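In the two assemblies presented below, chain A is common to both, partnered first by chain B and then by chain C.
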Partner chain A sequence: MTVSLLTHLSFYLPEAIAILTMCGLLFVEAAYGMAERGRTLVYITGIIGMVLCLALLGSNVGIAPISLFAKSVVIDSFGTSMKIIMVLGTLGTFFISDKSTDIYENLKSEYLIMATGVLVGGMLLVSATNLLTLYLGIETLSILSYVMTSLKRKESTSQEAGIKYALYGGVTAGIMLFGMSHLYGLFGSINFADIAVGVKTLEGAKFTAALVSFLLFFVGVGYKIACFPFHMWSPDVYQGSPVPVTAFFSIVPKLAGIAVVTRVTMTFFSAESALGDVWSIFLQVIAALTMTVGNLAALRQESVKRMLAYSSIGHVGMILMGVIVMNQTGTNAILFYGLVYMFMTLAAFFITGFVVNRYGSDDHVFFRGLVKNYPFLTICFVLVLFSLAGLPPFGGFVAKFNMISAAINSKLYSLSFIAAINSVISLYFYIRLAKTMTLDQPDEETEELVEYTVPARIYLAALTIPVVVLGIFWDKIYKVYSAATIALGG
Partner chain B sequence: MSQLLNAILWLPVIGIIAVLFTPKGKDQLVRYISLATTGITFVLTLFLYAGFDQSVGKMQDQFTILAPWIEQFNINYHLAIDGISLPMILLTGLLFFICVLSSWTITKSVKAYFSLMLMLQSSVFGVFMAMDFFLFYVYWEVMLLPMFFLIGIWGGENREYAAIKFFLYTFFGSIVMLVGIIALYYATGKGSESFNILAMHGGQFADMTVNIFGTEWAFNKIFFWAMFLGFAIKVPVFPFHTWLPHAHVQAPTAVSVILAGVLLKMGTYGFLRIAFPIFPEAAVEYSTIIAVLGVVSVLYGAFCAMAQKDVKKLVAYSSVSHMGFVMLGLAAMTTQGVNGAVLQMFNHGTSTAMMFLMIGVLYERSHHRWIVRPDGSKGYGGLATHMPKYTTIFIIGMFASLGLPGLSGFISEALIFLGIYKKFTSITVVAVLGLLVGAAYLLWMYKRMFFGEVSDEVKGYSDMNKREVFYMLPLCAAVIVFGIFPAPILNIMKASVGNLLTILNQG
Partner chain C sequence: MFGLEWYLGISLVLFFVGIAVILSRKNIVAILLGVELILNSAALNFVAYSRFVTQNLDGHIFSLFIIVIAAAEAAVGLAIVIRYFQINNTIHVDEAKELRG
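Entry: the complex of A and B
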């Protein structure tokens, strides 16, 4: 379909709005500086931008896929659905950052600017259909992430995390580029569509070369989603970063990475091919190891942020199951998991942030007997933890159910059993935290905290209610996602 | 009448809402609301009994409620009952009503306690009514949340460990079951996948295979064991029983009653409703293993009970032993055996509830449960002289558990032995030994606690008050009446058990 550039741009409005929001934030910050009025204005700008972005994305749901800018990006419902989740996640972390004392007051507007920037990179990544835009997306996403990690400038853990993240990111990006260059050499194109045609007819030495290039390519993406064995950076980065940044990292870059893996797998390997079989087995091993390593490591963590980091590695392993099956059941499951995961993660980090604000640390001991002083907050957190563990009637259960059922539908019984065992492992550290909060005695009786206000309660309820509702009435949203993913693949 | 199951299932939820909206500090009102809710629910279950057609074995048109829930997966809100679930529903209705009364003395976070109790009741009803496998699983798991907090907050000194252990064990069993559920769903046929439990009955999965870790397995065998694991942990069958003594000892009285009286039956109910009729070939093939596990549970539970110094732990192990009899009856797969097993499920529910309640009554006075203290000195002693009312009721409960002819336990155990004798003669002989050990530990306990000199400590105890006697009376009546005249229960289950056996014998 040939359409003019202007028409192209009209489909690209959500991204344009996100970029404009970033510019607007920069302007407001420069003009008003650190004054109280400026801070409010920054938040208002950010929220308006995100809401506008959401509205435009919403109007894009359900349209037929359309390739833009010489087939470098595609606007389809799968990507749009994922972007909606990412924008919601970004918006959610704005609220967390507003309350958080973990970010220096004068850096909050910078947080907003950079988060919006990462979001732009993520959105590009989600819809990339050639290697160059993909790389561009990853780099936009990464470079700003490195800076965000070190936002707590005065603390060595934050600096260390930033350096670690940057070094690791640089190396993996290099390896990925190396893989990409081979792909170009092999297929003579950087367009996904052309490569997908070539993949089906590979033989002999070319097959081996293509396999190696794809594996190298996976390094870069695998690093973004923090799957085994590229997960080592994530606990340190999560622990070192300020709470809102950690929340942001476990949602936006991760989901963008998942979307890329999904798109790449669906485009290249969903049709019958020898390389597809190898890729599937490779991803199965990665998924099994990712969830097992993540969950086992989470067992003994005393820092709640670190525990959540490891547990999110576990969740990535689970989500990869939806990629492996390479069909619509799988992609539906990915979107649903992403949505529920976003709500759960935001709630978990909001409460962790609350404890960090209160006690200056996210250590397990500070959660002791939280229910005595903050019953509503604790009940919400307990519900979210049970949902994370995958217990009905919460969204986390339905998400897990969809994943396992996608796997079993494709006869991946071994992987399903591994996922089941992992659920049990993860249950242990989630209920351990739930136990700490509800059953243990607090060290001190404290007065109600000032920051714990009505908006905070509303925010928390707004995150917890979807977690419960998505566990019971999930047919509507599932229907939307089924319609969204129908065009993906092939 | 058509909405009766809905009413029973959701009334406790309405109760929860009412409890949560009670103003602060009105604890007594919370208690009365809970009592009224469970009371009305119990009466409704009696209506269920009155309206039940005993001649229908298959679950057609017995109070069925069917509404679509998740259309994409063909998941339905599907409730129905038959003669196997009805006794369990009656038991649940009765025991929760009694438990609310026995929890009158709870003073710690009353609102939370009673709302969790009601939540537990609703989810237990859900398990016994659900005919959609997905719905069944949801209720099966939802039940864990209130149990975790009930044990963890209102339990004894080691409650947190017990709560987590209980939670992890059960969750392990059920998540493996979940894989089985989903596998069954996709095995029901391309394009017509369904979670309908009744549609899965009848052994249609006999010829399928699955590939796990590179090996081909028979579909019905591997998933029979997946289901088996889920249910066996719940029953609990040896060697999956290790969570039970901890959970029982730490749980508050009412929760122990529910745990032993109702929740353990969910495991055996799962065998009757799911594992056996869905995989009849596998069930028949492995009946010897089930029988052996059953008899090991009987003996192991009995011997462990004999060694206990804590009377609650003793009763907890006796539950393992008595549920072993149920497993034996199931493994027999004969009319007497299965009828006996279902009857034993009901009878054990009433008798063990009595035992736990009586221990609770005593605990409220003494704040310990030692028959013999860990240092070797005497715990209770001479209760018989000092507390006559208590002793009378205790004797009834104890003899019912022990299987004295004329009381309820005898009939069900006799039926089980009748049913199993021809099939597993040697196992039967060994199991009878378990009965003997059972009599021994109960009588020995009785001798040590009730006879002998009245210790100074015991002199300070008051005998049972009116409330306590009142809530024990229905249970006393149940063990005596159903001991002499078990027909009301046997009649309702007969046709359904017959239907189950038809399925099993085809396989």
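Entry: the complex of A and C
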């Protein structure tokens, strides 16, 4: 028994490293403080931890799916690829937090600690094959997120965002649990594999009860990915949080939520499941509404952070298309979209961070004529905006193209049509920001950007180049992902 | 004497009372109380199903986890509410509307 537990742990090393990094950060901060030397040490600890985590995840890529800890988690290629994207995203926001003055200097260590904690929760969520681990993952993710939102302790907006996040989060988690409890009663187990067997032979009153329970269950997950009826919190929280936290929220919790929706859908609602058709139609409606609402609301936003929040809602609707097709093409498209989305979001928030550093606000007017003084910064942002809008030859285009082609292959014609229309709508608000930066005249007294140093420029280039390169050499990364099968149940 | 239906009925009542509290009360602390009611209704369901239907321990363990996490969530929620109160001198939800777009 002990031996098998150790073997299980050896597959769970990336998560263990992430937890150790969190503890190490706590110790380093307690021992050295956040003065000059302590600050460097904290960042070095965080970066080393994440790089180690990446290396260990890399060694897990391509192994056959394996169930660990009494079938409560599964290690498979899909989950591992998703975790790699999440760890990269966390590492990226570490660099953003280093350059941002939006977080108080002495709270930056707290940011690193809590971001790593959220990452641990997200990794648990991605590989959960049991209702209990799923719930634990969601709550680890959520509770730390509430604190991260209110990290600007002296500002009322940040606290307000935290309250909204915590209240919505608590309510949706409660509703999800209520659904889970009935699933447990209906199927007699909290294991995905046992529930999946039960789902195949549902009929009569049990069918209705299971459907209602699954819908209640979806409330909690849907809230984490901010899809249509549960998206209301997202713009407020994004606007109220410090910039690095906003960047973090639009990557790690969202991708973890997408991964869990994918796993749940493919385990319970495949073609032979009694609920498959109903669930597919339900998800199609949700996806269509999510992208339409997100993109339409983004049209009239003056705050760039709010605009990016609504645009990320639109992107989630697009990614949900890959969930609905429920096959290998779909999961590949999800992973590729996730990777490109991660780079684009990091770059967009990194640049927004500089404007927030300088003016303390992310309003459209502060982006006016940025090209005059900062041509490199502006060019990078314009490239990223084009990619977000889905123009060729950037990564965003290939990601959207793959997603829509996966949907068309599965005969989801109307949904693909809605996705194409949404791409056109989103073009307007991305190009509008690009126009503000390049063609509009700057105000009289333009001031120097804070912290816009040479390392910051190198980091910005390192974020922008993948966006372009992924658009041209996408087939290389696709070959890697085509091995990324998803393990069902467990 | 009391069968499964009783427990499910009580938990359903708790659930809807919780929802009603969340929708009707304007005090943030009262809303947090409503959230606790919903969480407890789910925990009660788990224990009842575990006792009457499935006869395994999964439900009991799940309900213990729910209690622990509910406490953690309430602690974080109240901490943020206290910060908000220190800044704005109110915990009324209708006052919390600075963030609009």
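As a convention for this text, the second predicted complex is superposed on the first by the 473 of 490 C-alpha atoms of A that agree within 3 Å, B and C clash if a C-alpha of one lies under 4 Å from a C-alpha of the other, contacts with A are read in each partner's own complex, and residues count from 1 in each chain.
What we mean here is this: a residue touches a chain if its C-beta (ideal position, glycine included) is under 8 Å from a C-beta of that chain, and two chains touch if they have at least 3 such contacts.
This one's a predicted model, so the numbers in the text were calculated from it and none came from an experiment.
In the superposed model, A:408 lies in contact with chain B only, and not with chain C. When the two structures are aligned on the shared chain, A:182 is found in touch with chain C, with no touch to chain B. When chain B and chain C are set side by side, the one touching more residues of chain A is C.
Shared-chain residue A:277: touches no atom of chain B or chain C. With both structures placed on the common chain, the touch criterion links A:391 to chain B but leaves chain C unconnected. Contacts of A:105 after superposition on the shared chain: neither chain B nor chain C is touched.
No residue of chain A lies in contact with both chain B in one complex and chain C in the other.
Those residues of chain A lying in contact with chain B across their complex are 386, 390-393, 397, 401, 404-405, 408-409, 411, 413-414, 416-417, 420-421, 423-424, 427-428, 431-432, 435, 438-440, 474-475, 478-479, 482.
Across the complex, chain A is touched by residues 11, 15, 18, 22, 28, 31-32, 34-35, 38-39, 41-43, 45-46, 48-50, 53-54, 56, 58-59, 61-62, 65-66, 69, 72-73, 76-77, 79-81, 83-84, 87-88, 96, 98-99, 101 of chain C. Put simply, chain A touches chain C in their complex at residues 131-132, 135-136, 139, 142-143, 146-147, 150, 153-157, 159-164, 166-167, 169-171, 173-175, 177-178, 180-182, 184-185, 188-190, 235-236, 239-240, 300-303, 306. Interface residues of chain B, counted against chain A in their complex, comprise 69-73, 137-138, 141-142, 144-145, 148-149, 152-153, 159-160, 163-164, 167-168, 171-172, 175-176, 178-179, 182-183, 185-186, 210-213.
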